[in-house]
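The following pair of complexes shares a single chain, chain A, combined with chain B in the former and chain C in the latter.
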Partner chain A sequence: MATRIQFENNCEVGVFSKLTNAYCLVAIGGSENFYSAFEAELADAIPVVKTSIGGTRIIGRLCVGNKNGLLLPHTTTDQELQHLRNSLPDQVVVQRIDERLSALGNCIACNDHVALTHPDLDKETEEFIADVLGVEVFRQTIAGNILVGSYCAFSNRGGLVHPHTSIEDLDELSTLLQVPLVAGTVNRGSEVIAAGMTVNDWTAFCGSDTTATELSVIESVFKLREGQPTAIVDDMRKSLIDSYV
Partner chain B sequence: MPPGGRKPKLPPTFAALSPFARSIIFTAASASAKRPPRPHAAAAETPRQGQDDMPRQPPKRARRAEPSSDDEEEEERGSSESEDEEEEEDSFGTSESDGDGDGESSEELETVQADFAFFDPKPTDFHGVRLLLKTYLDSKPWDLTGFVDIILAQTTVGTVVKLADDDDDHDHHQGQGNGAADKKNSNDDDDLFGLISVLSLGRYAEHRCIKDIKEYLLSVCADKDAKKQLRSLLEGKASSVGLLVCRRFVNFPYELLPKLYDALFDEVSWATEDEPTKELQDSFRFKHYLLVVRMLERKTPAKHKSKSIKDDDDDEPVIYPKLEDEIFHELSSWSFTFPIRSEQSAQQEMKNYKEMGLVMAIKAEAIPKFRKKLEALVSE
Partner chain C sequence: MMPGSAPAAGGAGMFVPVATAGTVLCCMCGVSMQPNPANMCARCLRARVDITEGVPRHAAVVYCPDCSSYLQPPRSWLRAGPESPELMQILLRRINRPLARLRVSLSGAEFVFSEPHSKRLRLKLRLRREVLHGVVLEQTHPVEFVVHDRLCDNCSRAQANPDQWVAVVQLRQHVPHRRTFLYLEQLLLKHGQASLAIRVAAAPGGLDFFFGSRSHAARLVDFLATVAPIQTQTAKQLVSHDTKSSVYNYKYTFSVEICPICREDLIALSPQASRDMGGLGPLVLCVKVTNAIALLDPLTLRVHHLEEKKYRVYNFKAALTSKQLVEYIVLDIEQESPEISIDGSRYQLAYAQVARLSDFGKNDTIFTVRTHLGHLLNAGDHALGYDLYGANLNDDDMDTAMTRYSLPEVVLVKKSYEKRQRTRRWKLKRLPVEEEATNKAKGEEERRLDEYEAFLRDLEENPESRFSMNLYKNEDYRSEMASTVGDDVPTVPIEELIEDLTLGDDEEDEGEETAQGNTHAGMME
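Showing the complex of A and B:
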């Protein structure tokens, strides 16, 4: 299910949070509403951890992670690093890396299997991504934008990319990522997808300006709607018929 | 390169700069190429205007083209070219106070040419207006989206300031042949430099955003007398009160301010005659204007003696980021200040000041005086 939330009147929820299948990071904000929204949805499944990175609140754009690990920029302080190591589950490897492009969340987009990265990323960083996050790494651009981490958001089940992505690019990316992709917007026409929303395999959080249309696109491409039996049967039916023929 | 194609292309990062951005970075054309095409550019633009029949003067140092005063055009356009005061030849090696040279050239400061134009608010201005209004109240959540929506819906009274080429249909754009032109069009829609509007508290009383604002103002008002006055304006006299909203980037050229306020007050008086229904006409007959602005108050200096004398003497007790707020404050019938809880900007020169909110009410009769004083202040 997709939920609409705000961080202190700001609809860019993907800037102030990082959601994966194993944990959720949330920025320390003035009011508790933001944190409570995440807690309400996720508390029984995964830990929701309040943190800052480098003393800032823009944690969603500075770090990148999935269920296997979390990569932090060199600006992360030792205390923050320790706090995260303590709070996250043991199987999540927390690693601080030395990368010139320190806004890792803007440069790298990943799910549990594949990562798309900024074309200018260090080779060393690429290796870290492959090791720590356990993913296959592809250097890509999205609609001509090198900040792939900002202009797309994808989970293991689907992805949303910059609205100006061409059909050819969409097909190419979809083949690389092995998930269905759709070009769309969030927060009432904002093209910066990853800043406006954050998603994992079973839930998504979008800025409160997101229109009903955008929300329904998000729910359908990320397959978030409560599993209606008919949907599952339809999927199965296609594979059954395939094997018949 | 056709003379009309001299407009500098904004780097994509511009849209992300906060309202407190200190400098605009443009990749300007070379100094020598800039001067001659200007008159041609002005001429080339005229046929593109379509319904706009006011002449554009060759805008070398011209401050503005006069807006047509009597026609009621759909789009009221006043444009003014804002140039850096320095000659381009002198700018080499000069360091301005806020030219911290981030971006390409660090030693050489380039002159920025910009044509600003006034437009009626449109629905596509949503993100730009929202950005300007983000810090209107404090950080507590309120219906900002609804507030932006009613400002954009009121096209008869209200002005947004953008770069002059933004609204033009790119089909008419001669010889640009720029593949990126389409992208530029959609990006530029968000580059709002300023906004001014006035909302009748009576007309919009039922909207959640106005209720949120009223609640907020009453909650932060500490002064008993001011609170009484505020309450009467917000409740009893709401139908004759206009909430005057003026928001702009810090580096907005102050020369445009008299034009901006003239545009607003003229639109208000036209609306009292032109609106389709009597109810709407009456909703613009304001007796009072209410303003919610920010100001910087000097913190009580803790170490009075240890600082050098000149620091204390030169410090103003109050700094108004928007210069017309000082005039409004002088002419206001009452006002009160309240502390701002959200993060203060941590700048070196501002560390002795803390940001406060300022709410003031002005009688509509004082507006002509305000306009004169603003004109005088700007032409100093």
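Showing the complex of A and C:
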């Protein structure tokens, strides 16, 4: 189920949180509402951890992770690193890497099997990603943008990309990622997908500006609508989903 | 990204991959559409965002009904016709600032018809504005202007007191004829010096020019000083006085008197004057009046220029003026010396035998005189001159001269041509002079017309006087078939004439020019 939330009156929830299948990281905010929303949804399944990275709250854009591991930029302090190691489950490998492009969340998008990275990423970082996250790494651009981590969000079941992505690109990415992809927007027409929402295999959180159309697209492509009458789902699928691989 | 599947053209062997844009759903209404920077379909965009929000729908403009001009605040009034580009410019300037503040740009404007007496002007503007991540929307927006009537400053001043003047130039010349004023009128028209005058009125003995400011009047007086020998006196009269700011309002009067000597006047110089001018013969003829008087001694062909100030020392008057010219017929002429030219005019000393036209058939009165018109006269010509033999003069200087020297009996002044009443190829413009309603003697009108006719004939005969004035082509002129009569009558050559400005002529000229230009271009290619 997709939920609409706000972080301190800001709709860019993907900036202030990181959601994976094994854990969830949340930024430290003034009020507890943001944390409570995540808690309410996820508390029984996965741990929800409040943290900062390098003293900042934009943790969603600075780190990247999946159920196997978490990669942190070199700006992370030792205390934060330790805190994260303590809070996250043991099978999650927490690693701080030295990468010139320190906003890892903007440069890398991944699910549990495949990762798309910024074309200019270091070879060494690529190896780290392959090791720590246990994924296959592809250097790609999305609709001509090199910040792949910002302009697409995908889980193991589907993905949403920048609205200006051409059909050929969509096909190619779909082949690489082996999931159905759709070009769409979030937060009432915003193209920065990953900043506006965060998603894992069974739930998604979007900014409160997201319109009903966008929400339905998200729910259908990420297959979040479990337990709905299939007829309606099929109909909507036909009219909403553009390309399937 | 181009819609459709046309491959992008690569230049010079470069491979450009095919990029077909996919369709996205409009985030508001869910309709499938091409992606745009706002990712909303056009209808949702337009519904959501009104780019004309805050743009004024009504405005006011001020109009002066007298001179049909519109106010451009704070103070300038611009003339504009109905639905003209100037009017559109004025109206757009009125709403320019709110548009600029809202960052809306104007991509077009046009007039919507409204009845002129409705006092409303309607414009349809096409506005363009950037909204939401770089999408540019265009929308039409009607604006209605309410027209308020108000007299502009100049019109209200004219309306309040049409006779309001601040300075007057009273131009006078104490001679019985008005030739000087006719000539001055043409000079003023050519140089545009009377354009600032509020009113021009005729007064006995001259003209009055009324001005709205003292400097305009002073400008006219300065101009007159360069073209005529004048003497000026100024006076001022207090009209009102503001005690608090110590501002005094005056009415200024410039009393300008032109020297009474005119062209073709015969003057007898007093012995002292004659001596001061280097022994100029007692009888002199005035040949040219500019800001100095040119006096010609017809017997010695010497010209002396007398300035106004020097003239005031002697203050002599003309003994005989051009009204007293008598017609003579030349019986015989014998050139005495070669033709000389002084000041651009030609003279030649000659002996002539003349008889008065009134005597011609009746008696044998013949005069033998020396004249300066040797280059013009032939036997059988008619000439005009002063009859000193039969004149009865009331002039002290003339009496002194008569007793001292032996004066000639006739002084010939100019050649006379046949009087032919015919239309002229040229015409003159006139100043709008208000005639005084009262004090019109019976023969006054005819006399004025005669004087004007004489003035025009004088212009024909004298190319130098034509030089300083504008002659216009007379469209009503038709060259007469009867040009066999007397070809020696002087006429104004057509090269000196100016085309009178009319719109019809301009369009014709433009048409001709473009036709020529086209043919020229054709030839080039």
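The criterion applied here is as follows: the second predicted complex is superposed on the first by the 226 of 245 C-alpha atoms of A that agree within 3 Å, B and C clash if a C-alpha of one lies under 4 Å from a C-alpha of the other, contacts with A are read in each partner's own complex, and residues count from 1 in each chain.
Simple rule for what comes next: contacts are C-beta pairs under 8 Å (C-beta built on N, C-alpha and C of every residue); 3 or more make two chains touch, one makes a residue touch a chain.
Every value quoted in this text rests on a predicted model; they were computed, and no experiment measured them.
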**Request:** Could you look at A:Val217 and tell me whether it touches chain B, chain C, both or neither (first, second, both, neither)?
**Result:** second
**Prompt:** So, does A:Ala183 touch the first partner chain B, the second partner chain C, both, or neither?
**Reply:** second
**Request:** Name the contact category of A:Asn10: first (chain B only), second (chain C only), both, or neither.
**Result:** first
**Request:** Identify the partner contact of A:Thr56: answer first if only chain B is touched, second if only chain C is, both if each is, neither if none is.
**Result:** neither
**Request:** Look at A:Gln82 in the shared chain and tell me whether it touches chain B only, chain C only, both, or neither; answer first, second, both or neither.
**Result:** neither
**Prompt:** Hey, is it chain B or chain C that touches more of chain A?
**Reply:** C
**Message:** Taking the superposition on A as described, I'd like to know which of chain B and chain C A:Ser208 touches: first, second, both or neither.
**Reply:** first
**Request:** Please indicate which partner A:Asp169 is in contact with in the superposed arrangement: first for chain B, second for chain C, both, or neither.
**Result:** second
**Request:** List the residues of chain A that touch chain B in one complex and chain C in the other.
**Result:** 164, 188-190
**Complete:** The residues of chain C that touch chain A in their complex are 1, 17-30, 32, 35, 38-40, 132-133
**Item:** List of chain A residues in touch with chain B within their complex
**Value:** 6, 8-10, 30-31, 33, 164, 188-190, 208-209
**Prompt:** Which of the residues in chain A come into contact with chain C in the complex?
**Reply:** 163-170, 183-185, 188-191, 211-214, 216-217, 240, 242-243
**Asked** Inside the complex, what are the residues of chain B that reach chain A?
**Response** 126-127, 130, 134, 139-142, 144-145, 183, 341-342
